[in-house]
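Chain IDs A, B, C, D, E and F follow the sequence of writing; residue 1 opens each chain.
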Amino acid sequence: MSVVIQKINRAKPEVVNELGACGVATVHEAQERKGLMAPYMSPIYAGARVGASAVTVLVPPGDNWMIHVAVEQVTPGDILVVATTSPSDAGYFGELLACSLQARGCRGLVIDAGVRDVRELTEMGFPVWSKVVHAQGTVKKTLGSVNVPVVCADALVQPGDVIVADDDGVCVVSSEDAGNILQKAQARIASEDEKRRRLAAGELGLDMYEMRERLEQCGLKYV
Amino acid sequence: MSVVIQKINRAKPEVVNELGACGVATVHEAQERKGLMAPYMSPIYAGARVGASAVTVLVPPGDNWMIHVAVEQVTPGDILVVATTSPSDAGYFGELLACSLQARGCRGLVIDAGVRDVRELTEMGFPVWSKVVHAQGTVKKTLGSVNVPVVCADALVQPGDVIVADDDGVCVVSSEDAGNILQKAQARIASEDEKRRRLAAGELGLDMYEMRERLEQCGLKYV
Amino acid sequence: MSVVIQKINRAKPEVVNELGACGVATVHEAQERKGLMAPYMSPIYAGARVGASAVTVLVPPGDNWMIHVAVEQVTPGDILVVATTSPSDAGYFGELLACSLQARGCRGLVIDAGVRDVRELTEMGFPVWSKVVHAQGTVKKTLGSVNVPVVCADALVQPGDVIVADDDGVCVVSSEDAGNILQKAQARIASEDEKRRRLAAGELGLDMYEMRERLEQCGLKYV
Amino acid sequence: MSVVIQKINRAKPEVVNELGACGVATVHEAQERKGLMAPYMSPIYAGARVGASAVTVLVPPGDNWMIHVAVEQVTPGDILVVATTSPSDAGYFGELLACSLQARGCRGLVIDAGVRDVRELTEMGFPVWSKVVHAQGTVKKTLGSVNVPVVCADALVQPGDVIVADDDGVCVVSSEDAGNILQKAQARIASEDEKRRRLAAGELGLDMYEMRERLEQCGLKYV
Amino acid sequence: MSVVIQKINRAKPEVVNELGACGVATVHEAQERKGLMAPYMSPIYAGARVGASAVTVLVPPGDNWMIHVAVEQVTPGDILVVATTSPSDAGYFGELLACSLQARGCRGLVIDAGVRDVRELTEMGFPVWSKVVHAQGTVKKTLGSVNVPVVCADALVQPGDVIVADDDGVCVVSSEDAGNILQKAQARIASEDEKRRRLAAGELGLDMYEMRERLEQCGLKYV
Amino acid sequence: MSVVIQKINRAKPEVVNELGACGVATVHEAQERKGLMAPYMSPIYAGARVGASAVTVLVPPGDNWMIHVAVEQVTPGDILVVATTSPSDAGYFGELLACSLQARGCRGLVIDAGVRDVRELTEMGFPVWSKVVHAQGTVKKTLGSVNVPVVCADALVQPGDVIVADDDGVCVVSSEDAGNILQKAQARIASEDEKRRRLAAGELGLDMYEMRERLEQCGLKYV
């Protein structure tokens, strides 16, 4: 059955934004190494970093009709997360859809398939994380669903979940846990600032983390 | 048998140039989604966009001798399209060959194999679309052919065909159809300008493309 | 047995530096096409080129403890070369380790596994050549070794070997042969300067390399 | 948090068995093409076909400790479904674990990672669907969970779901829907028997499925 | 435009059959190493070897409608060669289609995409060479063409070409050249019989092929 | 420089044979998880298991001349281990070479490249572990070396090393350590016999390995 679920639970905007500022690696660690998408998900240009709420789209292979349907469900601060019902490398998404999404305040696209118009998307500053760049067009013949749970690049995404994406990839945080994970992520950052200062001053991690004794117990030999 | 075919039929220069300006995604759509090379063909640097006439080269695995032969067949506005008789990841092409080709007015290289000297090629502004970056050298021992039909990255290329290449990949247009395809591509661009304006103003594709009724007929439910 | 070998034989600093300046493709040719790592080893940002002495690290899958141990063995002008005892895509390395290494004069990282914090590493100017970008964290539970011979991305690396890395990939030169290989590489560069000048002036490689007669003997036909 | 959920909801044994007999392609179609694992999941030997209830295991990369924990949760008619918290190709599973599982009535293993002892598993008739065959050993140091929802090879698996696996791959059916899907699958099989008879007698699908008129309307030309 | 070309030029049946008996490696060598499909094309079961005339089918991604159209064009001794207009891993083909093709004397299928019902196809003795085994279903919504030239797994196939396929892969021979290539292939086989006898008796290839002098001239040293 | 080293140090024949009987997974564990080749190395047919002494061959991409040279260096009980100087998928090896090797008592082939004549090799019972099956032919133009150290599928192989290969892959044991590793492997097998008996009788690994307390200490919860 093909459905569009119109009401989803998003995390608070400031939590979403601040999770985005923490970055993928930190957020992934803060939630005990869960929720990371597969490493084949790459940004089409370097330097983008976003936090946003997921509007999920489940599409058939080679058919982008439902993305048009999903645009209407986007509110400012959202990101589209597109998964396919079976693997596809087709280019589901290009400049015109980005133009429409950007007009609605959408922060980007995460798609477990192909994207095209990379040059135009880069000029627009519309970030995309995708499996592949592929100009191959799609059709508009078969329905899918909007705002149902999807498996995207090995990660389960519920509509409204927080998506954090940057040059390191894409991480998913459940909307209920978002506040809690943000606290942990910010605590990590605070503790890393101090460590960074000490390491930059030449202190060794071996000493700072007090690893020497345990290494010796494990049997490490210096020769 | 190894041959060099010296006379090939190119499309008119202004048609070639304007097809290049249309870009890969548009040209691919304009010719009914044919002629696209496999998505593993990537540019070595972002932002290049060319239209050019194909001088084709068929080379043995790990042997770049015929590329030297092909250089002589290049005229201004051409692009070299290199296919292998069996798959190879070797680095067939580097700065010196690019220097020679650039001196002859060549606009770039499309190679279903490896390339090297990426830094120098980037500085020269000589665009390359390749399967892989690989410094691995090649030999000069076995013949191939120049300006025969080749299968390059899943696409059939006849000598003289128009090659359109940009950040989205590489597309082939037959030299006879080039004028016709250009008209269709330019018509697409004209129609997209109007759509882009409306979408940017907030109109939904659902309305602009009149999709709502057909979606309902197909059984889409809003909940 | 897990060991840290504290004394290794490096090549002379000026030889290491000048090999780096020659670049991967030239050095690879100069040593008769040996020592090249697999082409999946990519730089995290374009434009870096280094020559450095290898401090090798052998790590278990998904465990980066030994990288912390290896930092202490680094002296200015070194590069860390990390191989795994079995294949892993985990993100072994990020900004804090880079901060510590940079404080010790380390010139970069070559890792046959994953890296994270790509944005921060790029901002720091700390170059990394890796198999994949992956935020996936690692543990610190199992020992490995430092400064033992390792197989990294298909290449054998002895501690102290010279690593040359740039946009084309990574090449290994044995520390004993480094002086000899440098001479050959510089001779290549000298001879290429002259060739480049002639090719840029429009001379054909077919003539400059005197290939026409041999091509005809091999049976090449012009039609 | 690491948990072992001891009570899960399985479908009725006869439903599980009969779904297995229907085979992957039929079940996948019967549930509207959902629930199929990625095609890289291959059987270690040809000819096995099972229906079984999933006991799910979530394991860290390169660590098979939780599989030992999961064995205790298996009852006759179950199958182990192992997913990793991040991608791994290690060989988590071999003959001794199979021996223990077989003693408990387990029907096989589905693992989104590596397996070893292929020869012995084949001789035992213990079927395995895996991403790779790899002798690489694992450690027993880090916890995971048993009978939590997992994403295995792109498919979401809830504990107790019905797993259907054969030479075509692996398909997941929710335990609540199992009876309903079985009816649809058996209806497909009944209708295919009649079609098979007519096609084998030489009737064309074009006629049997009444496709000719629609093909003509779509513009198909015979020349 | 979508067309079905009803008349194609096949090679003589006895030539087709005997080319099949020669096997892929021999035929590939006999025609100077052309026409080989990419090595990812694997048989679904070991031991099949066929020679047959190609009925080509060009299909959209994820849509197998045209295979139903193509069945009608098959005559005894043919093989279906299916290429996609853009890459797809979907399972286009299964038991019912095989049943229909077998009733028409079809010798097998070569498909640059996925296949399913592997167990049933194996039991029927209907050989398939495919890119992947995948149960993922397809739709019947978009036209393609039958008996047009196609690029299948990197090889150009004209309708009526001879397909030779066995455990080593798939090779294409142009229908016009088939008689000529058969002669060369049979001459190879005759010469190999004698070589096999001598090698099995312990004679070295170094002596039989008179390689020693040329190896020495090239600089080979025995130490 | 191209050399053939004629004298190599093999382990004792009975040690080689018995290591083969232990199998890859056991030997790999016995030597602390070193020496395993990459998992892409697959047997061309199921069920072979060998122990043999390595005669190593280093070959250029797409050139099998040195394999002919290597045949002469083979003595009964050896296996050929072929590595390439740069990656290649060509089919270096087929039936005639196997015929020659079998006449000299060679036990099989391990090749980090392609093989062909799979059907004939299977009938002859000549086992091959390779990266790919590919009919693509090679040339005989460029030298390599025999019995030099090689990196084959990520593993370092010294001439004379013991190769253990079966359905799980390929493992390398240094000839000096072979006796020692055999003892450890046989001790593993002895201890596994007892474990297998207990597990088959229904005892749980959790109890047999006394894991319950440590699991609880690590925080595992049963719910």
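Everything that follows uses one rule, which is that a residue touches a chain if its C-beta (ideal position, glycine included) is under 8 Å from a C-beta of that chain, and two chains touch if they have at least 3 such contacts.
Predicted model, so just to flag it, every value in this text is computed and none were measured.
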Copies subunit D and subunit E touch via same or different residues, half shared test: different
Where subunit B and subunit E are represented by their mean Cα positions, the distance between them in whole Å: 28
Approximate Å spacing (C-alpha centroids) for the pair subunit E, subunit F: 31
For subunit C paired with subunit D, centre-to-centre distance based on mean C-alpha positions, whole Å: 43
Shared interface positions of subunit F, touching two or more other chains: 33, 36, 39, 86-87, 89, 134, 136
Those chain pairs that satisfy the touch definition: A-B, A-C, A-D, A-E, B-C, B-E, B-F, C-D, C-F, D-E, D-F, E-F
Interface residues, subunit F side, partner subunit E - complex: 1-6, 45, 65, 68-69, 71-72, 89, 91, 94-97, 99-100, 102-104, 114, 116-119, 122, 132-137, 140, 143
Subunit E contact footprint on subunit A (complex, rising order): 60-62, 86-90, 134, 136, 139, 141-142
In the complex, subunit F residues that touch subunit C: 33-34, 36, 38-39, 85-87, 149, 151, 154-156
Subunit C-facing residues of subunit A, complex: 23-25, 28-29, 33, 36, 39, 42, 46-47, 49, 166-169, 171, 192, 195-196, 199-202, 204-206, 209, 211, 215, 218-223
